[in-house]
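Some structures to go through are shown next.
You will see chain A twice below: alongside chain B first, and alongside chain C after that.
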Partner chain A sequence: MSEEELKSRILELEEEVKRLRSNNVTPAREKIAQMSGEVVDSNPYSRLMALKRMGIVEDYEKIRTHTVAVVGVGGVGSVTAEMLTRCGIGKLILFDYDKVELANMNRLFFQPHQAGLSKVEAAAHTLQFINPDVTFETHNYNITTVDNFDHFMERIRCGSLTSGPVDIVLSCVDNYEARMAVNRACNELDQTWFESGVSENAVSGHIQYLIPGETACFDCAPPLVVASQIDERTLKREGVCAASLPTTMGIVAGMLVQNVLKYLLKFGQVSYYLGYNALVDFFPTMMMRPNPHCDDTWCRKRQAEYAERKASQPVEKKEEKEEEVVHEDNDWGISLVDETSGEEPSTGATAQVAGLAEGITLAYERPVPANDDSADTVQVDDTSLDDLMAQMKSI
Partner chain B sequence: MICQCCSLLHTTIMVDDATRKTLSNIPLLKTKAGPRDKDAWVTRLKEEYQALIKYVQNNKDADNDWFRLESNKEGTKWFGKCWYIHELLKYEFEIEFDIPVTYPATAPEIALPELDGKTAKMYRGGRICLTDHFKPLWARNVPRFGIAHAMALGLGPWLAVEIPDMIQRGVVTYVEKKS
Partner chain C sequence: MSEEELKSRILELEEEVKRLRSNNVTPAREKIAQMSGEVVDSNPYSRLMALKRMGIVEDYEKIRTHTVAVVGVGGVGSVTAEMLTRCGIGKLILFDYDKVELANMNRLFFQPHQAGLSKVEAAAHTLQFINPDVTFETHNYNITTVDNFDHFMERIRCGSLTSGPVDIVLSCVDNYEARMAVNRACNELDQTWFESGVSENAVSGHIQYLIPGETACFDCAPPLVVASQIDERTLKREGVCAASLPTTMGIVAGMLVQNVLKYLLKFGQVSYYLGYNALVDFFPTMMMRPNPHCDDTWCRKRQAEYAERKASQPVEKKEEKEEEVVHEDNDWGISLVDETSGEEPSTGATAQVAGLAEGITLAYERPVPANDDSADTVQVDDTSLDDLMAQMKSI
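On to the complex of A and B.
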């Protein structure tokens, strides 16, 4: 390149740097000490605080005292984190070991220029910019390994704004192993949590609210499947592991955060299980009790504690305080109809679990525990572990 | 039953006769313990090693030796090699995986890191995609299945399908082994 060409190239690059810097400015606003309900264009919380004036939420500011842990910051988790950030949540703790990839761009939230960054860092950066009032804590590791699991549990137990347990854990992971790890941690810590998921064919999803001992844990039954009501044999998986849609993931994130807000701010009813079948727009709901023979020992322990708590409580007389909604006029004759049918009798593969709603099935059946003292079972002798390791090495 | 992953309806899990025979010769395990279970985990680890030694020995006897594995002292991290013969050429790959805290309720996620990005049948980090029939089968056999079973039912069939395909597509090429 000639000197002239080099000079013009430098100018060009300087312009580009300037442009990039201007895109990447420090937070657009200062932190706000107190949420205000004042209705002015410059108040980022005015529409949220309006929920109080409208009588939906009693004390919206309370949201700033709450801490939520989001495990998995992918298609569902990132949108979940953004919604909570925009709602003014007090603190978010994000866990994910993955990096942003261009293959993620069919989903919401992340942008192409973030490819290669760790998901938790990229997310915290964007979210901090959207709402500087939120405190962020990020952990870039795999929670299922022995090395990280104890730290993960410690952050659930002591990660809140007051160094106590977080208010709720949200599982937004994409695999069974990680869900089981969250389940194990929450059973052990007696931590309430939500599970969420989108099927690998992208046309169904679900959220589930889990209170250790009180509702079924994730290990109480084989994974639940929202039946897709299409001929499953025509579903092809050649050369792919999973499909995904921004729509399904956005809807599931919306269902999840809606229920988290209801839980944290105490309004409406929190759904125990809410399914979504995109093909026919079907949303089954149900509640599942824990399995007394659950494989998870901590789940069984929490069940015993719950039973004890319940037994020691004085029998309350249930006072139906439901207020009758009376409209002054009703020219159109509109009335509310109860859509949920309660417990449906289950059949076949789902017979093992009581209370499955219509349209929900189990991924597979579990066998009745077999007697394992057969000749096929490994015979443990006195050989030490070191000897066995050496033996394996020397084959 | 409906397969957890592919949502296909199966009346039985599809395991061919050869695999069934291989499987019946691997001793089953009995201790339900994971890496956070201290003493019980040591017992489980001994069972794992015994089953693995038997399986590798069976393979050698049947002239079908195809992998070696070893672990760290705690038995939480495993590594080794597997090899696959295609048209008289031997292709070798490094194996690695961690034992998850929820083991044996969940199977180990076996990874072949050097093949990451070369096939769609793989998750990030080179973890092989074996959910189709493997996971339901594993779930039905907790705690009797161990690492040896994961190799026989998971990695073995995966290699048999994916390696010839990758060789054909030219993303895996034969490397002369240095002696």
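On to the complex of A and C.
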């Protein structure tokens, strides 16, 4: 071939590479400036806007103004992000430092060709393709290191579409340290958030709604889990990985996003705690008040602020009901509230609380108090999760 | 550039073109001959095989011998198929006659570039790519027409990996006619199946486990739904489409596949009926005995066979408990069973049955009996769903 021909071949190939690459990049549809309820096959929002006509949601379009931070883009977090994307959320901020592996293919969302890619980048790429109307921001780092934690705090405080605080933080992580980091950030920032978790034997999970000062934080009490009736001592042997199922993770992600939608779009009743036991299809609910002696100073500050707000409100009927809080004699100094005596009486399957609701147990025994010199760093304890999980009780 | 460099650049680009092209077509991993529990990042089954080590499932590999028929590959059926694929099911048979539309993008699974493709073909393509170990069979037709119904029956009877009956049929359809067709086929074939459904206002759903002769069929009683506390009369106006949410559909698919896994792999307790009310996170369970006067002759035949099997079994303690069935005075001639008095007492949130369990209501009023000359055709009534749905009660 002449030099001319070689160069022409290169141009041709470069074009083809560009075309093939763009196939994977350009969205399959144009952006949509305004959500419409028009009932046509080409409208990706018709079945969502129908929620207005059905009297479920008053102002569905408002979802476009909301920003959600998803911490952990694994089995629960990735499906959570996909559900919010398909619902047309305004902005998603994704945090994770892991890579996609073939070993993740037993859960929904990631596909085998993404093995080796960063989870946040692979997720944002797929999600942008599914819904080009959503804004994505990704952070490929571990939030528990000191520098990253500061940046994480900053993004929660200023990451929304209007550079204000995000509307809600969703913890979809799989370890104790990351949960405590989210807890600490949200207490300090007075940021409402949701926790989620799936047991290591894959057959139970839960979500929890945390409002600083109003509900127990993760320093007030360890996370509650649904008892799995399985001896947890079998879990922690050498070379053993946690089990997981796409079903349990899909259900937990669904429960999480459903409650986020109820919170953001103001319909139905947000559950403070919703558990899931897959073996017997049991879904306990409950609510837990904060510990007045919580180790987290920001939590105690938020509790004082909440008490002040309550005191300045005119006394209503619901204030009287507040007295019905069950003060349990326990090591945690926390009080449990039967949701049926709460401000919004549940008409559902809310468990009667006597101590903990039936089938709910504490995930960890009370950890050894952290040294106070750690006040400016995230409290990390490499061994605590293992130690504490080992003590998880079955009912 | 020298000729050498130009040629090297061409080779490089050709490699890239090959790589990009292969990304979209060939599976991202080789088939795996035998499931292994080895804990390495490259093993897509490690987290599933861990269910054995955790004492949840005795023989996880057995999943590869099972065949599941999924009827309807929409919001629930597509996620159901993906979950089973990721769990490593042996074979999936998919039935649907619909095309993917952008209006489906508010649920999980399908992506915008698939708009216009047949749902079964688009689904099988994606699923084969996710897990090349699964065998797929697709049927792009409406099962309720006479010819297709015969073929559908034949595939249920002979579609398994060993050309025998499938292990379970999952109804994930969105209309009354298709549900009745699945019911009729399963009664005649003595085929155990699951029904699933999501309400038109998107905030409730259910699954139901049907064993011909042992539990009520769809001709014994109309499908049970979870009361949504929404006036259903708003739903059926002109130009109005049903609302749907990826959350509700993901949760219903998760509840369905979780119970299928419990059924196939023999762990936990399969729920006869599990409902979901998203507004208050309420999940009722119950069980319903068949109607001795059921219009479906095959149902009555299966009831007689079941009674005979029971009678020939040695009398055990559980036989006595059978007497505790609550015989309700109702138009349906059906009896409701409190699951806590059933053979496997539930330790969970099973509702106390008094009539129907709290929050559960019948989806339809009793339809007008069909003409008997329809014995060899599927009973289709175009107007019945609308008429009957309009009468759905709120609690």
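Just so it is clear, the second predicted complex is superposed on the first by the 289 of 395 C-alpha atoms of A that agree within 3 Å, B and C clash if a C-alpha of one lies under 4 Å from a C-alpha of the other, contacts with A are read in each partner's own complex, and residues count from 1 in each chain.
Definition applied: a residue touches a chain if its C-beta (ideal position, glycine included) is under 8 Å from a C-beta of that chain, and two chains touch if they have at least 3 such contacts.
Just so it is clear, the structure is predicted and the values come from calculations on it, not from any experiment.
Student: Considering only the touch criterion stated at the top, classify A:C158 as touching first (chain B), second (chain C), both, or neither.
Tutor: Touch status of A:C158: no partner.
Student: For A:A181, using the defined touch cut-off, is the partner it touches chain B, chain C, both, or neither? Pick first, second, both or neither.
Tutor: So A:A181 only meets chain B here.
Student: Between chain B and chain C, whom does A:M54 touch in the aligned arrangement: first, second, both, or neither?
Tutor: It touches chain C, and chain B stays clear.
Student: Classify the contacts of A:A304 with the two partner chains as first (chain B alone), second (chain C alone), both, or neither.
Tutor: neither
Student: Where does A:N277 make contact in the superposed view: on chain B (first), on chain C (second), on both, or on neither?
Tutor: Touch partner of A:N277: chain C, not chain B.
Student: Any idea whether chain B or chain C touches more of chain A?
Tutor: C
Student: Between chain B and chain C, whom does A:N131 touch in the aligned arrangement: first, second, both, or neither?
Tutor: Second partner only.
Student: Applying the document's definition of touch, where does A:D295 land relative to chain B and chain C: first, second, both, or neither?
Tutor: It touches chain B, and chain C stays clear.
Student: Touch test for A:D219: chain B only (first), chain C only (second), both, or neither?
Tutor: A:D219 contacts chain B only, not chain C.
Student: Once the two structures are superposed, pull the chain A residues common to the chain B and chain C interfaces.
Tutor: 200-201, 235, 239-241, 349
Student: Going by the contact rule set out above, which residues of chain C touch chain A in the complex?
Tutor: 3, 6-7, 9-10, 13-14, 16-17, 20-21, 23-24, 27-29, 39-48, 50-51, 53-56, 79, 82-83, 86-88, 101-103, 105-108, 111-113, 115, 129-131, 200-203, 229-231, 234-235, 239-248, 250-251, 253-255, 257-259, 261-262, 267-269, 271, 274, 277-285, 346-349, 351, 359
Student: Considering only the defined contacts, which chain B positions touch chain A in the complex?
Tutor: 1-9, 24, 27-30, 35-36, 42-43, 45-47, 49-54, 56-57, 60, 68-71, 74-76, 98-102, 105-106, 109, 120-124, 129, 131-132, 135-136, 139-140, 142, 144
Student: Within their complex, state which residues of chain A touch chain B.
Tutor: 98, 142, 144-146, 149, 175-177, 180-181, 184, 199-201, 219, 222-223, 225, 228, 232-233, 235, 237, 239-241, 295-296, 349, 361, 363-367, 372-374, 376-380, 383, 385, 388-389, 391-393, 395
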